[in-house]
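Chain lettering (A, B, C and D) follows the sequence in which the chains are written, and residue indices restart at 1 in each chain.
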Amino acid sequence: TGEELVRILAVHKDVEITVLQALIEKEHPISEIFPRLSDKIDIVCRKPDETEALKKADLLFLALPHKVSMTVAPRFLGGGKSVIDLSADYRLPVDEYTKWYGAEHKDGGNIKNAVYGLPELFRDKIRQAKLIANPGCYPTSALLAIIPLVKLGLVDLDTVIVDSKSGATGAGRKAHISLSFSEVDENMRAYKVNEHQHKPEINLIVSKFAGKKTDVVFVPHLAPINRGILSTVYMDFSPEKKKKKINTAEIVGFYKDFYKGEPFIRVMNEGTLPTLRDVQYTNLCAIGVNVTGDKVIVVSCIDNLLKGAAGQAVQNMNIMYGFDEREGLV
Amino acid sequence: TGEELVRILAVHKDVEITVLQALIEKEHPISEIFPRLSDKIDIVCRKPDETEALKKADLLFLALPHKVSMTVAPRFLGGGKSVIDLSADYRLPVDEYTKWYGAEHKDGGNIKNAVYGLPELFRDKIRQAKLIANPGCYPTSALLAIIPLVKLGLVDLDTVIVDSKSGATGAGRKAHISLSFSEVDENMRAYKVNEHQHKPEINLIVSKFAGKKTDVVFVPHLAPINRGILSTVYMDFSPEKKKKKINTAEIVGFYKDFYKGEPFIRVMNEGTLPTLRDVQYTNLCAIGVNVTGDKVIVVSCIDNLLKGAAGQAVQNMNIMYGFDEREGLV
Amino acid sequence: TGEELVRILAVHKDVEITVLQALIEKEHPISEIFPRLSDKIDIVCRKPDETEALKKADLLFLALPHKVSMTVAPRFLGGGKSVIDLSADYRLPVDEYTKWYGAEHKDGGNIKNAVYGLPELFRDKIRQAKLIANPGCYPTSALLAIIPLVKLGLVDLDTVIVDSKSGATGAGRKAHISLSFSEVDENMRAYKVNEHQHKPEINLIVSKFAGKKTDVVFVPHLAPINRGILSTVYMDFSPEKKKKKINTAEIVGFYKDFYKGEPFIRVMNEGTLPTLRDVQYTNLCAIGVNVTGDKVIVVSCIDNLLKGAAGQAVQNMNIMYGFDEREGLV
Amino acid sequence: TGEELVRILAVHKDVEITVLQALIEKEHPISEIFPRLSDKIDIVCRKPDETEALKKADLLFLALPHKVSMTVAPRFLGGGKSVIDLSADYRLPVDEYTKWYGAEHKDGGNIKNAVYGLPELFRDKIRQAKLIANPGCYPTSALLAIIPLVKLGLVDLDTVIVDSKSGATGAGRKAHISLSFSEVDENMRAYKVNEHQHKPEINLIVSKFAGKKTDVVFVPHLAPINRGILSTVYMDFSPEKKKKKINTAEIVGFYKDFYKGEPFIRVMNEGTLPTLRDVQYTNLCAIGVNVTGDKVIVVSCIDNLLKGAAGQAVQNMNIMYGFDEREGLV
């Protein structure tokens, strides 16, 4: 995520990277670590130093582990800076956070000031925000598929199931045996079945639009792929709608209306479903719909490092600062 | 599938391959096509010749395309031979077959004589059978996950969803752009959403055990994997059971009882879910269970070329002829 | 290659795509075929029509099969247009072309007017060219590794071996059994050992710089990768140089000097070798060097669809028209 | 390697696994770790205990890290047991070992008693051996390709280059960032160029057959594959042979003669080269040959975990004990 952020910001017309810090052994020009960045950016990647950051930056992107962001963000916010936090630290209420992340929250006061950075749902609030809780990758793919029908009241909320298939970069760049090539390649696994920490994040937002508490089922799978999340969402129509026999074309129409003018949403025509190839290396979310009987099945695809992380963070910045929302993104 | 069959039968203690036929340009010793078979089997692969096959074989494995098997099988059956058919031609009633495979059935009379070759469910009938309809790969993975709970009456049949992820060999060895490496690699797609021809096969067997017509939802996905199917099955408990609060341990217990003594089923302990790695290159089906609230989620894994095709065919033969059911299989 | 070209040109500041033609069944807006292009380009992809092309375009990119380009290019050239041909039709002398591509050449007269479009070696000629023979992907990776040492006279030309590993998109988007996922995945093969049609292309350019005929050995391998070529080049120092004991640092220095200021070449520091990850989705060629005893081993990496095809074609256009050489490329 | 060994030995007709030890946190039945072994073997995997091992076993397979085997083997050998060591500890002379493995050798006395376990070259010595140094995976693939021509005196020894492409399991089951899926997948890299610790092992054996010191060049590459090594070996004919114009058919004939009757070698016919698919999940080495001008190019393929490790270890055991050399292996 950090690498992608730097890559995007290095060629963004309206911003300049003034500070680059990471937990590294030795300070290096960033282009020595990522040869493709040489020629584009010249900055040295330094060890963490909040004072330097406060002095030189107006906006800070925090691509820190969960539990670390909340120890760093307050000082920047207190210094009048804007913060886009890519961790989960500002996405949930304190009690849910503690339950799912197993840690006390150290900056609970700022949670209420944080705006959930899913532009297609919260663009107006993002425009005013000083603190963005950038969404998780799974929730981004799930919510963009679920919310249109929930908002229209078409869905029986007790029946929503999200079956997600994710590439391995979703877990970050880690040395862990379960993420080693010989474990992941030619293999597939379900994990954290209905107990993944992105489940409460999905339900929090669905609940907001539904107007009542929900219990969407969420099962993530690890696939032998580098980049991308494909979520297959299963929903029953609500009882009153079941009688009306809505067909695929109508539902496609609802989605096209809902996302009209959105620069990064592609709703597929009837009969076509998206694949990861349609979105990899872009900030797009591609959505396809299929209705059979009383059920509607929605397939949504994103690149987990872009629309699911760094790309969406830049999209949020573009909105906050009134830049062209597409700037730096494809 | 054909290659796997030859590989298994070449070292099977109780059988001899007396005839090997395929639609080929030129007749070859099989070991020239598959170098790993040299040293194990010496037979020449010839062009199709029913007369030779009738003369030399007691049992015929038909690994033919759908619509072709039904033109070949009757003559072998009429000649008193046994047939294990790996196509779909004898799996469905005539009307369903016509609807889903788009062709009139030319040997409808033999459908009622065919036994569905899923040994864990129909072993007694297989023992007596002269014609085996060897199950499809997706139905094998789905049914072994679904049937135990259906038989116990625990499941609300209107809620069953099968989300399957399959490797690319499931489609056979074909030159098709959608199966080319550059399309499949690093990609994932849902296809034939709820309209795959394996859907009626799944529902036919579920209906038998449920005692009423069912409409299980089935969505297959193509994953960048060579071998294996992982099916994630979502089911609600039936209304009366919901009140009883059944937990994962109990459901694991049900499955362990149901499959007690089965040589090729592995029910995972509570807290563990199977991965494709657990079953690839074996005839195993590995099953894991997770209960959350009113829903039970079952994950089942098979190697689509073995338990999903050639391995299961040999298992059926072993049962028909009273051989050790494990012979030739791992 | 065609898709990549459109993707790059659609956002190129200095050009407009005025005509888009392909051998297609039905005419479509290009964004229906590639959803990621919607929002960026609106043009309809039409069936081939030379008259329309002549009328609307100043420069034509031909991404046609070998043997087809030479039937199309003359009319455009005759009409005063510039042509960048991505096929092999203008890369070799007539006799070599006939020998390696098995066809008579129908536009032999234009071969001498064609400039070999490898900017790092022939930038000045490219600036004046009306017809560019855009290099093959393997030759690009091999020549950028070989030529610096040949030009310096350091190499025993009888010892040069190029062992290349290529991803599957190098073969184009084809339905061929040998390019199917189940053949390529988890597999590797050498093919056309020392008889690949890119061998004479490599030798033609090496000969030019060596001043004598050469017989560089070239063995391509197909790897289970989508994009990228890694070439490992083995060369003995020339006899007189062997005595001088040149070390890795000196050779790295030679390459850095040779490619000084080149926007798309990255010479790695001593001790580091490039990987495909360093260049995928970019127009870069990354080069690493290792000297052991009398041998120098050079590893070079490119993205076969960009520096090996569409990216290099755009780089050539930028040079021909005096645009910023980096425009549209990363 | 350990898992493969257990899998093979569990079904081997002539042996029984009496002791199974590993560096584990908690003692488990092996079938809990590898579900596919349940039903085949019942033994508990215990923590290391040499006394138990000495008491219960006649032959010990040591699948230990380098530098550990040499601290364990002497006690077993001293107790009259046979040892097949899969580490590098007994493959090199003391001085070479120290140089390449960076450690003093603690059991130098036993090195001269160790037999290099490459059956196709040293079968007679293996028959008498008490201590087998089981070959490395790269050397196995390289030596089986090189030695026939060296023994025939056909090769200019100064020109031998081994360019190997290996799958990721070659590095063992490790949590290391460079072996993580997101680093290896869709990537390729050369590493330890001409300084890999398998280089002296290759040269030691080539030297034995050449009768003089050699300096074969060896460059390994990591490919996004689980199992398999493909080595492409480049050799010039020796000066006197160059004049004789030997062709591919003759060289194929030499290899077929050399490996006549070998159960695990497959020499491909002229015009065919092996792929990894031909050998994966088998103990085979498949070899293909191509002659162009003065150069001979040999491609050899093995499964690194079988012929490159566990399979070859069992083959050695079969020879030592007079079992059928094929027993347990495919």
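Keep this in mind: a residue touches a chain if its C-beta (ideal position, glycine included) is under 8 Å from a C-beta of that chain, and two chains touch if they have at least 3 such contacts.
Just so we're clear, the structure is a prediction, and the values are computed from it rather than from any experiment.
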Comparison of A-D and C-D by number of C-beta pairs in contact, larger one: C-D
Farthest chain relative to chain A (centres taken as mean CA coordinates): D
Rounded Å distance between chain A and chain C, as computed from the means of their C-alpha atoms: 37
CA centroid of chain C to CA centroid of chain D, Å: 38
Whole-Å separation of chain centres (CA-atom averages), chain A against chain D: 46
Per-residue overlap in chain A, given as positions that touch at least 2 other chains: 183, 185-186, 224-226
Touching residues (chain side chain B, partner chain C) in the complex: 168-169, 173-177, 179-186, 224-226
For the chain D and chain C complex, residues of the former touching the latter: 159, 161, 163, 165, 167, 183, 186-191, 193-195, 215, 217, 219, 221, 223-228, 230, 232, 234, 273, 275-277, 280, 288, 290, 292-293, 295, 297, 299
Residue ranges of chain B in contact with chain D within the complex: 11, 32, 35-36, 38-39, 185-186, 263, 266, 268-269, 274, 278-279, 281-282, 284, 286, 330
